[in-house]
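Submitted below is the structure of interest, expressed as structure tokens.
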Amino acid sequence: MRIATLLLPLLLVSCAAPGGRRTVNPPDRTDGRPFSHGVLAGNTYYVAGTLGLDPETNAPPAAVEDEVRAMLDAFLAKLELVDMTMDDLVSVQVFCPDLSLYGAFNEVYATYFTEGYPVRAFIGSGELLRGCRFEMNGIAVRR
Amino acid sequence: MRIATLLLPLLLVSCAAPGGRRTVNPPDRTDGRPFSHGVLAGNTYYVAGTLGLDPETNAPPAAVEDEVRAMLDAFLAKLELVDMTMDDLVSVQVFCPDLSLYGAFNEVYATYFTEGYPVRAFIGSGELLRGCRFEMNGIAVRR
Amino acid sequence: MRIATLLLPLLLVSCAAPGGRRTVNPPDRTDGRPFSHGVLAGNTYYVAGTLGLDPETNAPPAAVEDEVRAMLDAFLAKLELVDMTMDDLVSVQVFCPDLSLYGAFNEVYATYFTEGYPVRAFIGSGELLRGCRFEMNGIAVRR
């Protein structure tokens, strides 16, 4: 009886975890935009749409590869806020107004993963905010 | 032993809840389109892509702010079908063919939340159904 | 005490299941692209963006209805990799550069479901990969 009595509250906690959510933002965030960088609900972490910007100009870098890297680094930073990595991702969507960049995107993207890839949709979009060539959002599940 | 015997079935039920799904629709729905307004799977509620329409004309209102409000009210109505509010949302995507409306959208959008924002992707799209300027879909997790 | 002792490990396993992920691909896959066809995390299965292609030409079939069917068949094949069907889907997004195809899409789409529909967003997009007229991604939860 004692073991059951001790374990049952633990079970209740871990089962209850999928209910509820916690918004996640970098401690120094100041932009005031109406979205969180991440939201954690149980083991599942939702990551906001992310652009690849040069922090000095707040515009996308000139070279496509630099923009992809800037975007994936910013995306990874959102995962690291809850101690996750790209390998925790289960699903991403990439929006891109110019499909001729598909190959260049893939080449950089593939280097960010070591334990198999999340699912992905790569969608030809309209124009993106700040003139970016890519925007990515996704879902991760803690391993 | 009695307590464990009583509690175990409850635990099984709450753990099993993430499996299975329940489609959710307003009781008076008559359009017959091949999608549900919401689907509940355990604590997680998936909300269909939602437009902002004037119920009399079935077209978007002339003023941008009115369209945003109509869309968010329709979205909230889908959440209320399962006793949720905007504060239960963890993730949304907004599609918009005209990025110059980003600021106007944000101003109305921010007023619908009181406990922190879900993650969001704001994507420049092609044309939307019924000539709308915004379409939003999302995921909520019951608090 | 014995029943509790036997049942507790089972409970722990089923509660822990939502953590972790398993990438899923067809055994004969050879394209080497940096995404998985599916990712299973507990009871939830994420399905990659799927196009409707003629396997002989690797291009979309000429007739719209044939492309929709090819896409939905390829989507179903990804679900069947984990013994799911279209009726396990909770949420899909369909991207389409030409909204005049909405009616034709719906007619074929509706025939793939027997137990109520998932939520859906049908979004006017830019150009899609390989000149396709539709791309669909989604989430399923095992019944």
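Labels for the chains are A, B and C, by order of writing; each one numbers its residues from 1.
Rule of thumb we're sticking to: a contact is a pair of C-beta atoms (placed from the backbone, for glycine too) under 8 Å apart; a residue touches a chain by one contact, two chains touch by 3 or more.
Computed from a predicted model, the values in this text were never measured in an experiment.
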Numbering shared by both copies at the chain C-chain B contact, with half separating same from different: different
For chain A placed onto chain C, the superposition rotation in degrees, Cα atoms, nearest 5: 120
Centre-to-centre distance between chain C and chain B (centres being mean Cα positions), rounded to whole Å: 20
Shared interface positions of chain A, touching two or more other chains: 1, 4, 11, 15, 18, 42, 44, 93, 97, 125-126, 139
List of chain B residues in touch with chain A within their complex: 1, 3-4, 7, 11, 14-15, 18, 42-44, 88, 90-91, 93, 97, 99, 102, 106, 109-110, 113, 116-126, 139, 141-143
Touch list for chain B against partner chain C, complex: 1, 4-5, 8, 11-12, 15-16, 18-21, 23, 33-39, 41-42, 44, 46-49, 93, 95, 97, 125-129, 135, 137, 139
